[in-house]
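Both complexes below contain subunit A, partnered by subunit B and then by subunit C.
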Partner chain A sequence: MILKTPEKFTRQFGKAESKGYQSPEVWSKVTGKAVYGIDLTLPGMLHGKILRSPFPHARIKQVDTRAAEALPGVRAVLTGAELENRPFGIAVEDELPLAADKVRYIGDEVAAVAAVDLQTAERAIKAIKVEYEELPAVYDPVEALKDEAPLLHDNFPGNIAWQREVERGSLSAAFTEADLVVEERFTVPAIHPAYLEPIACIAVNDPYTGITLHTALQSPDAVREIVARVLKYPLSKVNINGPVMGGGFGGRVYGNLKVYILSALLAIKSGSPVKIQLTREEEFTAGRPMIAAVIKMKMAVRSDGTILGREADIITDNGAYSAQAPWVSKTLSERNDSVYRIPAIKTRVRLAYTNKVPTGQYRAYGNQAANFATESLIDIAAKKLDLDPLELRLKNCVREGDTTVHGLQIGKCGLAECLQAAAKEIGWDRKKAGRGYGLSAAIHANGSLVFDKNFRGASALVRLELDGRITIFTGEQDYGQGTHAAFAQIAARALDVSPVQVTVESKQTKTAPFSTGALAMRQTTVGGKAIQLAAEDLREKIFKAAAELVGEPVAMENEVLRSISGQELELAEVAYHYHSATSGLRMTGEGKFVPAESDYDESGYGNISLTYSFASHAVEAEIDQATGELIIHRLVAVHDSGRIVNHLTARGQVYGGAAQGFGMSCFEGYLFDQGRVANASLADYKIPTALDLPQIDPLFIEIEDPAGPYGSKGLGEIVMVPVLGAVANAAADAAGVHVTDLPLTAEKIYQALAGWECEL
Partner chain B sequence: MKKQVIIFQLNDEPVEIYVDPAESLLTVLRDRLGLYGTKAGCSKGECGACTVLLDDRAVNSCLVPVGKVQGCKVETIENLSRGGKVHPIQEEFVDKGAVQCGFCTPGMVLSAYALLKENPQPARDQIKMAISGNLCRCSGYKQIEEAILSAAKKLARQGNSIT
Partner chain C sequence: MSYLTVSTLEEALTSLSDSSGKARVVAGATDLFLQDLPHSLVDLSALPEITVVEEKDGLISIGAAVTHTAAASSSLILARARALAEGCSAVGSPQIRNIGTIGGNVINAAPAADAAVALISLGAEAVLIDVNRETRQEAVENLYWTYNRSLVDSSKEILLRLLVKPCLGGEGSAFTRFAVRRALALPMVNAAARVKLENGLVKKVRLVAAPVRPAPTRLIQTEELVINQPVDKDTLKRVEVSAAGEVEVRGSQLRCSARYRQHLVGVLIARVLKIAADRADPGKAGD
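Let's look at the complex of A and B:
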């Protein structure tokens, strides 16, 4: 480059590295130059819009698109009638690209249009005439399971999308032996991930290369497979190209499949690139929030605080279509059983179809929703037994070497240390008058050994470039969590180079190694291990080639490659030597991390994950007795995520996850009016602002776990989990009564204080 | 509405466009002038991602009809890092880990910029107030607040005015 390098950039990169390395991408973000999905346009691109059902449940009698097709500027109109009606889905197959005979929620996709501009597409949507015959609808998941409830899907009798019953140990013995039985009914509303960038996708259809989707996804490989299947394209003719992602939080694991499939179908039909971008209102009314849940839970306890058993009857609200809701329901219904040594459990969980917005997933997969119930119930028991909630938790919490009631094998585990540290830091022994204190504990898996038994790990390529720099090729995605910075640090450590020398490539499914993606808190532990192995493989190749070059053994020390006689070598020299010797290949290390198979059985018993992360949060709160308002003063978040790779980004994860947990505890949640989303905007569906949040203090108990790279493990999902229980328990401690319906609004707390018996 | 000629100062340069004056400043900046650093998160004034400076005040550009900026001064994120320069606020955002997905970042930086122009030494509560119209789902705001505090100190140390 002829231009002098801007001095500030070089200086800043170096400085940032010393305090907490970050990917160079942060510079393009902070200067406004990063290109997100909504920013993309392509030559000749059309704009797509979706016609949505105005009814919660109705039969489609007729769709007349003639007026829309006649509008100047309209290039394609698509209805369900012209598509092969083969259902697709993620966990169960219950969706069509466009509704064919029936709509099942307000927002259901009925037709799609591509036009030269957005205004024309919107006009065309309005010009489509649909004749509906309204059907009776059901909105409450408990009602939906009754015999007389209207049926949403003919092939899902009883409106049950998925169900499971499981019993382990002897529950009847537990309840016979118990000195105390506590029982409560908890409710949790549907929660939207509320990533700030609405989902956008440009589909390009090319007869030679196939379909390319320009859209940002947490699991592009998983979406690629579904899109290929629905379109009946060979997998190699579908590629996903990821722009920068404006937030995910689980909501973009599969994102919004309808948007990807419809933009692809419109691109095929019109012959031009088509962009569909959801409005914020569509995000709420036709996006994929996490399931609402009704949790009835009963716990048997001995007078000394020993937990003997727990029984749960859970109904989760699927909405009209299923996406990942069965998997979320499963995690919601069982993960909390492994926080403590509970010898017997019995759980029934039923996922019910209702005529409401379909559901998907959100950070922590329902583990946080159940944490609200399980941790509240523990405090209710502690109070009745006049035991210290901290002592009760320490008495029962899982420890290293345990096998939990579901067969989870607990390796390195700092849960007891997390509990003690959280209590100490919040001032458990010197509580202030007029304040309430709450504790909670959590476990979360690090990737899954059983989701796909034949795909348990991760792979990566690490390449030495001709200029001596390093490139990582991975399918693991970074959208601000710091994954790629961590990967650069891991590779840099294995190779003994500076992370500044390392670039991470992950955005193209055609070239990146396959990955299950940014889900199940797997990327640092499982993905990171593959990076470590690939970098170690490359290191050996570098040493071998360098030794050939200088005729004697070499070693890397303090970022310098040197032969035993002291001759220094540049990595670029080694790269060029290999390049010449192979007529153009670049030296590449391969990392294949394949964890051993799990003993997981048909009943779902067995070790589900490579290892587990642990956390305990503590909250100090106050209740305004006049209004019922919950004022949270402080949240202490103590985490055992093994050795922390990057404290700067790890703290960012804790602050952000705690904020989401705080929002879910205190004011977030879908509201419905006869199936219509009543708060379909960021003004009405309130997420935390800077003014809403309390002081948040992250602490890390760094117990090295050999399962992950250099002793580290996952953090990004568990950060949200214990917030719910800790806030609920602090609120109950301050109020003297447990509110069991989330969110904990002033209205509900006021009514509880007043002793009102009222269905909320 | 009938199209009109609108002339305003955009990032220290005059701009003249022929446009429906009811169109939002946000879509004019993005779709007509190619300044994609200004983000669109809701287009209803609820998220703050589209924050720009209008005569030195932070506004949601999605709520400003472009007819209203006739003769005014508009500044976007692109003005803070021209020619390879990076503003101290941006440096501190990176240094403190205040950038995660980055979608709220341009708006957040501009709200901070407007605050520091008006109040070079804000207290933490004043910072919270100043960014309370900018939603961020990733960060919990803590590192953003630290970055703004730190940028204020840095600017004071350098004896620099904000611009």
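Let's look at the complex of A and C:
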């Protein structure tokens, strides 16, 4: 470098510091240099805008686009009538790119335009005349399941998008044997991930390369397949090119398919690149929040605290279309069953269509909503039996070697240790007067062996560059969770180099190895394992080439490549040697991590994941009796995520996930008024600010798990799960009464304290 | 659209009268920029005479263009009109407080504007000048027309300063609010009090709560109830019941139900009276 650089920017990370390694991506973000999707423009680019339904449920009688087309600057106008009437979807095929004959929620896509600038596009949208015939609508998922409810989709009778009933063990025996049966009804509203950068996409259509979408996604490969299918393009003619992502939290696994498909269709029709960017209001009204849920749950317990069985009847609110809501409903309805040794389970879950915003996924996939219900119910039982909630949990929690009620095989498991550490750290044995204390426990999978049985693992390429540096090629995306820093560390460890020598490339679906995506907490455990294998493969190739070069065996020690006679070699020399010997190839290690198939059966019984992460959180809180205000003083978050690869980013995951957990516990949630989102802005949809958060203390029980790379397991999703139960239990302990409707606002707590009839 | 940053009051008045109603005064623009913008804007934030806090003729004079941050950290306001410092530090977020002004808070006429609630509890008077160079002085609570509409037409009239009688021996003031979160949230209720004690009994009191009516509202019945009473547990209990009973409030889906808001008015008024009375302890010199 010609410019002299201040010392702080050139700091090298040796091995000792590597657990706090920070990838250079962080610097570009905090200094405002990172280029996000919303920042991108291309020469000749048009701006797309979507016309949305003002009605929750209506038949489209006529769409007149003539005035819009006549506006100067308008380059393309698209309506549902021009498109093939062939539904697509993620879990259920129930969506069209543009509504053809019917709209099903306020915000449903009716037409799209592309124009030379945003103002013209907005004017064109307003110039489109749509004649609607309003239909009766249904907003409440419980109402939607009744016979007389208006039907949203003709081919989904009873407004059921998806349902499941499962019974394992003998529930009737459990309830006969029980000394105590506790029962409650819990409600959880729809939650938006509220990532800072609204979804934006530039679509480019090129006759040679096909469609390129410039948009940041957690699962670009999955979206690429759907877009290719909808557009009827060959897969190799669809490429996704990811700019830096302004937050995802599960919301960008599939992001907003309508935005990608419509920008592509407008690009095809207009012949120019088209950018569609959602406004914040559109994010709330036509984004993909996580499903709301009504959870009726009943638990059978013996007087010594042994859990005998649990029954749940769950209705989740799909909104008008499905996205990933069936999968989220499934995880919500069953993952929590494996936290404790519960011999009998009966669950019915129904996903109901309503005339509201469609739903998708959020960090932890509904496991946190279930945690609120199950962990509250455990404390309710403990109180009735006059048992210590900690003891009750320790008595029942799963342990290493267990096979849970759904067939999950528990390998390394520090759940009991997590519970004990959380209780100790929060001061369970020396509780302060006037304070409430709450505990909760959680399990979460590390990737899925059964989600796509053909893709249980991950693959990666690790390449030695001519200058001796290392490049990782992976399909695993990093949007702030620190995956790429962890990958650099894993490869660095396998190769015995410093992580600063390692760069991670993941942005182009065309060149990156396939990945099922940044989801299901699979990246470190599954993706990282592939990186480790690829780096080890490269290491062997380096040794082989180096030995050829010097004519004797070589080894790598303390970041130096040396032959047995002591001759030192630069990695660049080896790289160049291979490069010239192959007339231009670069030495590349391949890593294929393919876990064994699962015994998972038709009923959904069987092991679903390579291994599981565990956590227990504890909360100390206080309630202002006069107002019902819940003041949370402290959260202790204890995690078993195996050996921690990077403590800096791991703590960051806990802080962020806990903040989101608090948001969901006490602040957030969609509010609707006749199907219209009543809080469709960040001013009204209240996520907590830094001032609203308590002290958060992360602790890691570092039990090495051989399943993951260097003993590590996933952390990114489970961080949010136990917050809900711990907050609810601390609030109930302080208030003396359980509020079972999220979020736990001061008003609801006060109503419970004062014994008011619920008005909300 | 034109935007004029004036350096003298004369210049401001001239440009307002030249634009004959099409120009409006702007200070921090935190409210104005969210509304339909007028043809032209006259920015007052550089006028020295309306950006200072000073003690003059026994009164605290607070320039209309004093920011919330400046007011909240003014030693004079902290010592002698504490309710205002507390009200200003409750506004929005640091960014909003750094540019939003007290004058804008009053003239924007939101029913529960934090600085305005504090000012009215303190008995503040507004000094205004219009395009005809006529000045007038008016109690802040008399500047409201209806919800979010001031009687002051900022295309013709400029709020220059707010005058507050300092809280001296035996007097104290306080402000509090209750909101969904601790920053960037409009309050479910805010409340402020100014009280004068003599021999442990209330001699003078102003109790203000919002949002109750278009303007921050004095709770006259509750004020009467506490006159000549000690501010003790028993009085505070009665204050709570009286204050809640005295107001009729609206509920909203986004913030809270009417019943809860009414309850909060009682709780907050009692709390704020207690804090103000503690500060009025004659052993201490004012706030």
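Keep in mind that, in the parts below, the second predicted complex is superposed on the first by the 740 of 760 C-alpha atoms of A that agree within 3 Å, B and C clash if a C-alpha of one lies under 4 Å from a C-alpha of the other, contacts with A are read in each partner's own complex, and residues count from 1 in each chain.
In the analysis below, a residue touches a chain if its C-beta (ideal position, glycine included) is under 8 Å from a C-beta of that chain, and two chains touch if they have at least 3 such contacts.
Fair warning: this is a prediction, and the values are worked out from it, not measured in the lab.
Contact with subunit C, but none with subunit B, is seen for A:Thr627 once the two complexes are overlaid on the shared chain.
Once the two complexes are overlaid on the shared chain, A:Arg280 sits against subunit B while remaining clear of subunit C. With both complexes placed on chain A, subunit A has more residues touched by B than by the other of subunit B and subunit C. Of the two partner chains, neither subunit B nor subunit C is touched by A:Gly434.
Of the two partner chains, both subunit B and subunit C are touched by A:Thr689. Residue contacts after overlaying the shared chain place A:Asn679 against subunit C, while subunit B stays out of touching range. In the overlay built on the shared chain, the residue A:Tyr195 is in contact with subunit B alone; subunit C does not reach it.
After overlaying the two complexes on the shared chain, residue contacts for A:Gly32 are found with subunit B alone; subunit C is out of touch.
In the superposed model, A:Pro43 makes contact with neither subunit B nor subunit C. In the superposition on chain A, subunit A positions 683, 688-689, 691 are in contact with subunit B in one complex as well as with subunit C in the other.
Remark: subunit A residues 6, 8-9, 12, 15-16, 19-20, 22, 25-27, 29-36, 38-39, 193-198, 244-249, 279-280, 479-482, 648-649, 651-652, 654-660, 681-683, 687-691, 693, 696 touch subunit B in the complex. On subunit A, the positions that touch subunit C within their shared complex are 626-627, 629, 667, 671, 673, 678-679, 683-684, 686, 688-689, 691-692, 745-747, 750-751, 756, 759-760. Subunit C meets subunit A in the complex at residues 93, 178, 180-185, 253-254, 256-257, 259-260, 263-264, 267. Taken together, the subunit B residues at the contact with subunit A in this complex read 30, 36-44, 46-47, 49, 76-78, 80-81, 83-86, 90-91, 93-97, 99-106, 109, 127-129, 131-145.
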